[in-house]
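Each of the next two complexes has chain A plus one other chain: chain B in the first, chain C in the second.
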Partner chain A sequence: MRQVVIIGGGVAGLEAAGFLGKMGHQVVLLEKEKAVGGHVGKWDRLFPNRRQGSEVMDFIRKKMDEKVSIITEAGIKSIDTSPDGYAVVLTNGEAIRADAILLATGFELFDARKKEEYGYGIYDNVITSADLERIFREEGKITTADGQAPQKVAFVHCVGSRDEKAGNVYCSKVCCVTGVKQAIEVKEMMPAAKVYSFYMDIRMFDRHFEELYIEAQQQGITFIRGRLSEVYEDQGKVQCKVEDTLTGKPMKVTVDLLVLLVGFMPSPETKRLAGMLKINIGSDGFVLPIDGHISQNETGVPGIFLAGAVTGPKCIATTLSDARSAALQIDQYLKTK
Partner chain B sequence: MRNYDPFVLPFMLGFLFLVVLIIYKFAQWLIRLNMREKVLFRHGMLSRKFLHAGNEVFMESLIHRKMFKANPLLGYMHMSLAFGWFLLIVLGNVESRLHTGAHLNMPYFPIFLKFFVTEKETIPFYGGFTNLMDFLLLMVLSGVFLALIKRMTSRIFGMRRTTNLKVGDKIALITLWLIFPLRLFAESLTAAQHHNGGFMTENVGQFLAAFLPTDQLSYPAWWLYSISLGAFFVAVPFSRYMHIPAEILLIYLRHFGIHSTKVYSSFSELEVYSCSRCGVCIDKCQLHTADIHFNTPTYFFRAIRERSLSGDLTDACLLCDRCTAACPVEINTTAIRIAKRATFSTSFKSDFSYLPANHTRRKADVAYFAGCMTHLTPAIRKAMIAILEHAKVKYHFIDEQGICCGRPLMMTGRLEEAQQLVRKNEALIKGSGARILLLSCPICLKAFREDYHLDIRIMHHSEYICELMDRQILQIPAGTQLFSFHDPCELGRGSGIFDQPRKILSEAGKLVKSKFEKENSFCCGGSLGHTSLSQAQRNIITQEVVNELTKNNPDSLVTACPLCKKTFTRWSEVPVKDIAEIVAEVISLGSTQSDREQNTNSLGIKVHEKQKRK
Partner chain C sequence: MKKEGKEYIWKDYQKEIAEDKYFYVRSCVRQNFFPGSEWAFQKILREELKKDLFENAAHTSCTGIGYHTEIVPFETMMTVVARQFALMTEAGYEHFVSSCITSFGIYSEILETWEHFPETEARAHQYLKEATGRDFIKPKNLAHTGDIIYKFRKEIVAKGKYRLVHHQTGEPLKIVEHIGCHYSKMFPHRGIGGAEYPYVLVGMIEDWGGKVVDYPERRHCCGFGFRQYIVRANRGYSIACSRKKFESMEPYHPDAILTNCPGCPMFLDRWQYAISEMEGKTYGENGHGIPVLTYEELAGLVLGYDPWDLGLQVHQVPVEPLLDKIGIPYDPSKKFLGKDGRDLGRPEAPHFLKFYKES
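After this line comes the complex of A and B, so read on.
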């Protein structure tokens, strides 16, 4: 029986594992963290319909059978070529035979401390969208650093995305709609709170996204077109300096809590593995498939396939489709090998 | 005895042309000085400065001391050509005077002495003279030989790139190189006939006589020698060799106290002509990393001289001062670049009406001006506030709302617009009554020191923290962290502050050495000096610098400029910190508060009675 090694246990890796198992292949899934689930596993509710992230995780997990074995806390030392394929050598010395390898190493969130002017890690009342999801999940209640309920909350779009100075020119796709979703959630949780959103453009590209944006406006969320220039904290309040580019006026907005919508970054592990496997990386740091239109899951190196955000920012639905597509490609490859 | 021959004419014509032209140029430069500079010139001519300048002319224009320091091989090359030739002329004159007994001979006479004087007996100590002259000629020839090698492979000289020459320079260069081999040839051929040569010319003459008709060739050789001299003199004003006379005048004016400013002046013009296009600046420029070439002062000044300067070329500079620090002629390349930008920058109607009209007149000893870039790096601002609070300094945060110092405008040549900000800030600072203006940003520091009229101490926080340490107001516990320090352009080369940051870091931990430190430090790539550089080009420059500075695996990459910090942060895997953050971190670990001076000391520290008792 053919064996596929999947690197990365986020939604892409898990979905591909389930499908490959169903297709009759042996699958070994390697995850660097203590548990599989990736970013979706840490998220509370998902856009656009605000269903629980755990529902999607359950759906994916259900497909897994005994053909899939998962190794967590797995570090990869090297990937060697062998006469019949590859050998993935783990840091503990174990070597795993692979007829094909699927790279599903995904992304990591932009480190908001690199946009120091927004004060993340310096001021207590500046958090990221990921922090807010954790608060939703674990605390169920939003408070400022001194334990008060915030009366004014602002969201900042494009933190680490579409930002040449941050080194990332690309759009991370999912932050706009995440920001709108979270703004609505905050407003629903605290109807008296004033919620602002600072944006460059609102990119509502997918189905039901625009409706969510309209809903947010109807709920009284204030959208201000302008890129936040700097932030400083004064007696626990966050002072935001921004130019309203629709009126052309510089303005200052004082809020109790500032949420930074952090974008996607290629994970350092992706870069390392791509180097080992000699597969190409684009100027944005994500892996380049051999063709962006017609061969999104192939690398040009025989037996090495791609799925999910390893080839750039994607939302969950697209990632799952991409994973199934990769599973199909791998199945074809193994049959003709 | 003959003392004239038609072959001296090319030399004489070229010589006269050059003398007239130099007099004309010098007069032009001096007449165009402004009133203040003219006064300085008149005073300087009659003071000891005149002698000091003469000494420097000797050391730099002839011996090339600075060039020797920068690059010994290049130094020898220039010295052998300049000093060797100079001595040939001086000794030739002495010899010819001994021969004729006259005080003045025709200028050509000493140059072609061996042609006119073939009887050794007519000159006392002839043997000594002729051997010495041969030695000097050999020295000059060795310089020519090195110059030839440098043109072919500049790497031998430790230079990756040398100046790309244009036609005028090439003609001048070839004629200059021909002069000395032709002199050797002419003198040797004559020596073969008359045996009036020294150890070199005599032997070369004998050698040539073995297979050449020396009696037929010697006269044409003197013609060629004369033509090469004349041609070189004519080429001088149109080539880089104009730097030879220009640099002499430049050294005198500098000693008289005349310096370049942000406005292009007659003095700037003189500096431009003093550029020898030696090419030392080329390798110093980091823009090569970003694939930008032919932008360095060599080419920039040439374009000014040729009146072909473009806005793009003027803009193609980080204003990092690396070339200025390396320039053997010490031309203030950055000032000229800024001055020239004024002629290209489009003026805009600046509107600073949003700036607060009423200044709070809160009295304080220290006025803290964080600067725009520090507002964008709040960790530095937070650290500075923590340090000031810790040291119980009576301070006033003067730009809490943020007003620009004006330097970014000045860097693009918009001096008028910058003045509005300067006036605003001056009023703000004077209103505070502070005795110290404390700055976190070296860009601001340079503006406040050079373009403001403030009767107050202007200090960067690295200097201030250092003084607090010296007075034992701030105690830094010894640590074990490994620091790599990046000298910001405007703090190091720009303001001469190299030691204070190092002192602080050596107290707080261990400082790793770098090949690229102090005068030779890099620009981070974030420079405000180059407005048209793309982000991608900046990233290439920054990555190279980060790689170099984190080579020794330090615990932190430390700098003392918010812009450098911000630029590095994106690309460094090692944490990037400002020196203030390092200090704030270690003092928060605890320090003693003893040994405080009473009352307000010169650093603006007010010591409270209660605390003293404690």
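After this line comes the complex of A and C, so read on.
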């Protein structure tokens, strides 16, 4: 029986594992964290319909069978070529045979501390979209650092994305819709709260996203086209300096809580593994498939495949489709090997 | 506010500062604005820290003000800078220290340009050779004089007589720090602490016993901003900028403002007087202003230098409230005596800003 090693236990890796198992292949899935699930596993509700992230995870997990074995807290020491294919050597010395390898190492969230002017990690009431999802999931209510219900909440789009200063010129695709979803959720949780959204452009590219944006406007969320120049915390309040570029006026908006919509970053682990596997990295830091239109899952290195956000920002639906596509590519490869 | 968040950023912006043997270039305006500052720097370096600080009287303005007002073209400015470097090379020094933030920005801009465009550096060598017959070697280390005081801040306080604490209550004095724009906003890695949360003055204040005041308009321009003041029609913007800062810091009751730029202390000091005359508004305690100091002046006070030797009598906002809090003795009768002991006369008191202690 052919064996596939999948590196990365986020939704892409898990979905591909389930499909490859069903196709009759032995699968070993390696996850560096203590548990699989990746970013989706840490998210509360998903856009655009606000279903629980856990529902998607349950759907994916149900496809797993005995052909899939999962190793968590797996560090990869090296990937060596062998007469049969590859040997993935873990940091504990264990070597795992692989007829094919699927790289599904995903992304990291942009470290908001690098946008120094926004004060994340310095000001108590500046949080990220990931922090807000954790608050939704674990605490169920939003409070400021001193335990008060915020009266005014603002969202900042494109934090670490479309930003040459941050070194990332690409759009992370999902932050706009995430921000709109979260703004609605905040408004629903606290109807009296004033909610602002500071944006460059609202990029609602997928089905039902635009409807979500219209819903947000109908709920009274104020969208201001302008990028924040700086943030300051004064006596617990967050002061945002921004220019409303539609009216050409500088503004100072004081809020109780500021949410930074952080984008995707290629993970350093992907870069390391790409070096081992001799596959190419693009100027944006994500892995390059051999063809961006017609061969998204192939690397040009025999037996090495790609799935999910390892090749750039993707939403969950696209990631799952990509993972299934990769599983089919691998199946085909193994049949002809 | 979480200090560890700032510390996380500060660790990325630590620059190398040479230990000794500095080639020193002055500011073209500081001696007029704050005449004791450059004197104090030289005294501290040579007498307190026993450092080799060399100055060549043939050095000139960096042309920065002319450059930033589009009077002096880049090539001219670059050649003048090349000449400064040539004087350093001829004197056998490698560590270039600039007294002025604008100049520091100019030197940084030139070195960065040359790093990225070697052909431009080649032109600088050619222009200088043609104009003066000189050649130069680029400095191994470029620092602002504030960087040097920062580097030796612990030695200074160890030798010092005073700390930035209220001598009666023992409470740390609350100090606003204001960084000149050209220190690190253009090249964050060339400034200690970067551009958003510069550490260079914070380090001095904290190590000398004071407490830094964070206030909303901390990053806002002091009011100089070149065109805001140099273009006469724009001067309303200049004073409006300073006023915005004073209004923002006032609720925190700062005991002093510390600066590292020639223009910032000038405008933060003089505009307090202008605002008081225009609006009757003062920002210090009991009709006083908020004293504004340069880092050399503050270092001199910590070391126990006479306030009048430091030139503090030429400040528009009197510094006596700060001296009283620290417990620094001074003789009011000597405030307006010249170096030769001659009475220079007493300036007319402003209408609202308390100027004379007895008034």
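As a working rule, the second predicted complex is superposed on the first by the 337 of 337 C-alpha atoms of A that agree within 3 Å, B and C clash if a C-alpha of one lies under 4 Å from a C-alpha of the other, contacts with A are read in each partner's own complex, and residues count from 1 in each chain.
Quick note on the criterion: contacts are C-beta pairs under 8 Å (C-beta built on N, C-alpha and C of every residue); 3 or more make two chains touch, one makes a residue touch a chain.
Since the model is a prediction, treat every value here as computed from it, not as a measurement.
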item: When chain B and chain C are modelled together on chain A, clash or fit; value: clash
item: Partner chain in contact with A:250 - chain B first, chain C second, else both or neither; value: first
item: Touched partner set for A:124, first chain B, second chain C, both or neither; value: second
item: If touched residues of chain A are counted for chain B and for chain C, the larger one; value: B
item: First (chain B), second (chain C), both or neither touched by A:116; value: both
item: Which superposed partner A:59 touches (first chain B, second chain C, both, neither); value: neither
item: Touching partner for A:166 - first (chain B), second (chain C), both, neither; value: first
item: First, second, both or neither for A:232, with chain B first and chain C second; value: both
item: Set of chain A residues, in rising order, touched by both chain B and chain C; value: 113, 116-117, 119, 122-123, 230, 232-233
item: Partner chain C, residues of chain A touching it in the complex; value: 113, 116-117, 119-124, 230, 232-234, 239
item: Contact set on chain B toward chain A in their complex; value: 354, 375-379, 381-382, 402, 535-536, 539, 565-566, 569-571
item: Contact set on chain A toward chain B in their complex; value: 113-114, 116-117, 119, 122-123, 164-167, 229-233, 241, 250
item: Chain A-touching residues of chain C, taken from the complex the two chains share; value: 1-2, 4-6, 8-9, 194-197, 215-219
